[in-house]
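Shared between the two complexes below is subunit A, which pairs with subunit B and subunit C, respectively.
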Partner chain A sequence: MHKIKKGLSAASPSIMAIVAGLLAGFIILLISNPVSAMRGLATILLGGWNNGMKGLGQVLYYATSIILTGLSVGFAFKTGMFNIGASGQLMVGGFVSVYVGAMWTFLPGHLHWMVALLMGMLAGMCWGMLVGILKALLNVNEVITAIMLNYIAMYGINFIIKNSPLHDRLRNQTINVAANAVIPKAGLDNIFYVLKGRFHDASSVNGGILIAVLFAVLVYILINKTTFGYELKACGYNQHASRYAGINEKKAIISSMAIAGALSGVAGALMYLAPPTGMHIHVAEVLAPEGFNGIAVALLGMSNPIGIVFTGLFIAHITVGGGYLQSLKYMKEVIDVIIGLIIYFSAFSLLMRDVMRSIGKRRSKKALEGEGKGAKR
Partner chain B sequence: MSDYIIQMLHITKDFPGIRANDDVTLELKKGEIHALLGENGAGKSTLMSILFGLYQADGGEIHKDGKKVEIRNPNDANAQGIGMVHQHFKLVHNFTVLENIVLGVETTQNGLLKMDQARKKVMDLSERYGLRIDPDAYISDITVGMQQRVEILKMLYRDNDILIFDEPTAVLTPQEIEELMNIMQGLAKEGKSILFITHKLNEIKQVADRCTVLRKGAYVGTVQVQDTSVEEMAEMMVGRKISFTIDKQEARPGDTALKVQGLTVDGRHGKKAVNNVSFDVRQGEIVCIAGIDGNGQSELVYALTGLMPISAGTISLMGQDITSTTIRQRNDKGLAHIPEDRHQYGLVLDYDLQQNLALKNYYSDQMQSHGFIRFGQVRDQAEALIERFDVRSGRGPETVVRSMSGGNQQKAIIAREINEDPQVLIAVQPTRGLDVGATIYIHEQLVKERDNGKGILLISLELDEVFQLADRILVIYEGAIVAELNGKEATAQELGLYMAGSRREETHA
Partner chain C sequence: MDTIYFLVQQMMFFSIPLLIVALGGMFSERSGVVNIALEGIMVAGAFSSIMFISKMQDVMSGQWLLILAILVAVVSGMLFSLLHAYAAINLRSDQTISGTALNLIAPASAVYLARVMQPNGVQQIQFTNTFRIAKVPVLGDIPVLGPLLFQNSYITTYIGFAIFIVSAIVLYKTRFGLRLRACGEHPQAADSVGINVYRMRYAGVLISGALAGLGGLVYVIPTSTNFNATVAGYGFLALAVLIFGQWKPLRILMAAFFFGLMKTIASSYSGVSWLQNLGIPSDIYKMVPFIATLVVLAFTSKKSQAPKASGVPYDKGAR
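The block that comes next holds the complex of A and B.
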């Protein structure tokens, strides 16, 4: 009980930010199309429910990748680093797992998707570790290297796909991965579907969401229960004191970025190890937006792994809801604006809390003084 | 016309959660040197900041020459003739002495500087009060003592006649302190009124006429210094009787614990921060490295503890060469370190107390199994150390260290380091910024560890501390050890000469 209370009070600034962000979003809806504004807000709040259980499944599917990138960013935050490179790590991880999924057809049964997932994770890990190595050994700012590595990943992967048998020239994207390499549905398709006549119209959700939650728990344990987590957090809080205590802070930086990269790599693998009807890597000059949404998720979840699961689900919920806004003649980008506003408000909420406190104090003091004067009279 | 030039009557000032001044009255006579005595956190600086207009009092009045005045900011204070020498000087380093003095009150003609008049006034003042300066030297090139004289001239140049000195002796050598005392007496003789903030009783005894004592924000009393003994003033300050001399037996040194040979550390600008330093520390003795701040003490300690690379020399601990080992290996071999900056190095301020107390042993088999921290053990250790070292905090082992007082933070560090059962304990300014009670406690702990057969290397800037604790004194000047003195026989004068670099033992260098 005590723990739940503590968690709620820790989450209250985030909840305030969400409410404020939604209100501001409502104003935007009012300005752009006043007639449908109420219905628009309802659509956003309903999120996946707009399309019943299938919509809910879509929320879980979308949440999978942003929970993992959120964990990636949040974990790096704990060690005092800003991982803006989740996008690139996700691309690299996704690409390698697609390669394994499509090419290593000699792997039997379930082993195939497992190996593909693992290789994607390792690839993301290497990509993240590169940032850590540059930071630890050459003192290059991680933000700069991560941003540059995002572009290197995107253009590099486009180049490789175009010049490899992975290229589906017709659709200008990667070919389908082998059936064995698709992440199993884990029975979730039997829950999250809508009936169209007698046809089960299932959502894209798969076992990935379970893997994402599993990783959240693992990260939670790693951060809070192990000596390794103790070292990483110490480095994040105070690098000098960590060095003084004999902690190898270079190792901490490298391993922290490697783990952050691995988590983003898993996100990429779970996104692209999809059935033929699912996602493919397009040859396009676009950085994977899931990486940047991970920053929002981590900020809103205050880098707490369990909090990140919830904020990931929430952001996915309103994003899916935002997709349905188009039926009301709104641009679906409105939802990106709202998410942006929520992030701003969550950064402000800490500031706001301090302001509120000092106002409250002044008031109670004035009241006291007033009483004192009254008594004298 | 009042006897008093400044009266601060019933001043009260609140900060969130603490009353810094509670009905404090301070009355300054014209031409007197009035000491303001109190421990750290007693509210001295707050009171002076109110007088200087940096804070506004929540209650009480300030009178000048018997008339009530409002001081809202330092400009108001300046207009009332109040000037202040801050503990950390407020000088522009790449300006000359003269430029610093006139800064803000430049004499101009048609928008052009007229430095000649200013120069004449400064040189007159300098001569009249015996404040030796070189008006054309850059601040960055002159000694701390001269910088302080520049600060004093700044006040005089603005025709201030109420001068506040905030802990002016903390950064000076004994000789410079002597000179400052003479200057202060000269200023008082010329009719200036001086407020002198300090916690050093000997200095008060030497120059002050009267002394006002604060304790925990409250006014304790004002005494005539002549009629009051040092012990009585100390008791007023602390609120109980204290013994200044700690019980310290003759040292019985054993084997060499720490041996340093030819240690050299490169500094900035191609200079050597530590230059060919050799010494050793034996078990059961306290060796003190005395010197003025910035003469290579920090670099020496960083080199010994492994925080900074060395360019030459060897270090050995209990006969084992540790020159090229990591920080962790040195810790494990028995080198403990109470760092100079407890916030930057000594503590992870956002960790709670139990986590900080485990900072040096969280990886030991006692505190973890298979990589998982044994929280029960961490807590037990914290509770035992809190009990043994009397570390006070709001929520025990779970107190976030940032919220603890400086004295208790320092106690926590000392508890952690002593708990490691080291062979050699390096303590760098272990009592910096602490009140008398905590200082004595920490001194006692160091002596106790010495008597337990540990080698103690103490780096201190406070001469009182050096004489109090040291069995042997090494004087460091510009990165080199210039003298080795016996802790019992050395005098402050002698030590001061070495510290200022005006004498060196040729045999030792």
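The block that comes next holds the complex of A and C.
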């Protein structure tokens, strides 16, 4: 009970920011079309519920990738690094797992998707590690390296796809992965569906969401319960002090970025190891937006792995809800504005918490002094 | 020779926006505020000025319209950057957070507003380019220099160079510049001699907003005839140019031209026969600017000269 209370008080700035952001979004709805603004807000808040269990499944499906990129960005934050390269790491991870998923058909049964996922994770890890190596050994600013690597990944993957048997020329995207390489549904399709007559119209959710939550737990344990995690955090707080304490800060930077990259790589693998009707890597000059949404998720979750699961679900929830806004003649882009505003307000609310704390401290100090006086008498 | 003229003219289209935006970032970071919102501010400036052009082009055209659009871009960039300044300076919030927020808000609002303000809810804002100068009178006739700089150009190119010269003078030769730099290196010391750190930092962020907003417009005008709520990562590239240029105007100029040249080769190699004949695929050319920047940074970053207090909120009571 105490733990829940503590968690809630830690989350209070984010909750305040969310309320403020939603209010601002409501005002935007009011200005652009006052008649259905209330219904618009209700649609956003209902999120996936607008379409029953299938909608909820879509929320979970969309949350999978942004929880993982959120974990990636959040983990790097803990070591004092800003991982703006989640997008590139995700693309590299996704590409390698699609390659394994489509080409390594000799792998039997469930082993196929597991190996594909693992290879995607390793690829993302290497891509993230590059950032860490350049930062640790050559002092290259990690933000710049990551931005450059995003573009290199994008153009490089386009080039490789176009010149490999993976290219589906007709649709200008990657070919389907083998049936064995598709992430299993894990029974979730029997929960998240709507009935159309006697036909189960299932959502796209699959076992990926379970894997994402599992990774959140693993990251939580790594950060909070291991010496290695403690060293990484120490480097985030003060590099010089941790070097003085005997921590190898170069190793910490490299391994932190490697793990961050691995998490984004998993996100890419889970996105693209999809059935023929699902996502494919398009040959297009667009950076994967999931990587940047991960920054929002991590900031709102205050880099706490458990917080990131909840904020990932929340952002997926209102994004899916935004999709239903079109029936009310609102543009769904209002959701992106709201998410941006929530992040902006979260910058405020951290300060508000500090102010409230210092007021609280002053009060309890006064109360203590009062008691002291009482005792003297 | 014609090839070289063509490449240089093209290079200006890529280099000048990078130069302007990176110089903007320099003022912000030199005052002590990290501005990763450059991308978002560029989008905001480009959106409002292109929307302005699109609505006004039936009434007027040519250079006067462009100059008015430049003013719109500058003002909207400044207004938008105020959000960042308020969070970073008054509220002492994490500058990465508010910068990221601005980067999210700008493109989303640009799409939203474009669809609300235009008939049929179209997202792209179309405009007619009436701003190209085929040949500057007199100057365009100078041999070599004429074709290089004064033919097939835009007024924004010269504004870019003017901004560079003014920035260098302001930063190094004026009282304002000295104070600004002091606030980025050691705000406590600056405060102790009576400099208002908050005001200087506001000035830094607002200048960066003005220049980034302008940079957004300057980027869109020569390279496209519509604006689709994106500046293709140029704000982030400008950030790279800023760091590559070590927060110094002259080095930023060189970095912007280096990057612009790479970008030019990537985008217009098909117009140059000997580059075309090498048979290198276009995707590889497109990767070159980014790889080159990484390699150069790897060799030059050991001695980074970032402003010492950049990114650290100034707290009067801290010691």
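Following the convention adopted for this analysis, the second predicted complex is superposed on the first by the 351 of 377 C-alpha atoms of A that agree within 3 Å, B and C clash if a C-alpha of one lies under 4 Å from a C-alpha of the other, contacts with A are read in each partner's own complex, and residues count from 1 in each chain.
We take it that contacts are C-beta pairs under 8 Å (C-beta built on N, C-alpha and C of every residue); 3 or more make two chains touch, one makes a residue touch a chain.
Here the structure is a predicted model, which is why all the values come from computation and not from measurement.
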Touched partner set for A:Y155, first subunit B, second subunit C, both or neither: second
Partner chain in contact with A:K225 - subunit B first, subunit C second, else both or neither: first
Partner chain in contact with A:L170 - subunit B first, subunit C second, else both or neither: neither
Which superposed partner A:S242 touches (first subunit B, second subunit C, both, neither): first
Subunit B versus subunit C as contact partner of A:A234, first or second or both or neither: first
Contacts of A:M331 with subunit B and subunit C, given as first, second, both or neither: second
Superposition-derived comparison: subunit B or subunit C, residues of subunit A touched: C
On subunit A, the residue positions that both subunit B and subunit C contact, one per complex: none
Complex contact set, residues of subunit C against subunit A: 36, 83, 87, 91-94, 96-98, 100-109, 111-112, 115-116, 121, 233, 236-237, 239-240, 243-244, 281, 283-284, 286-287, 290-291, 293-294, 297-299, 301-302, 304
Residues on subunit A engaged by subunit C in the complex (per definition of touch): 28, 32, 82, 84, 134, 138-141, 143-145, 147-149, 151-152, 155-156, 158-159, 162-163, 285, 287, 292, 295-296, 299, 331, 333-337, 339-341, 343-344, 346-348, 350-351
Touching residues (chain side subunit A, partner subunit B) in the complex: 225-228, 230, 233-234, 237-238, 240-248, 361
Residue ranges of subunit B touching subunit A (in the complex, touch as defined): 16, 305, 307, 326-331, 337, 339, 344-351, 355, 359-360, 362-363, 367-368, 371-373
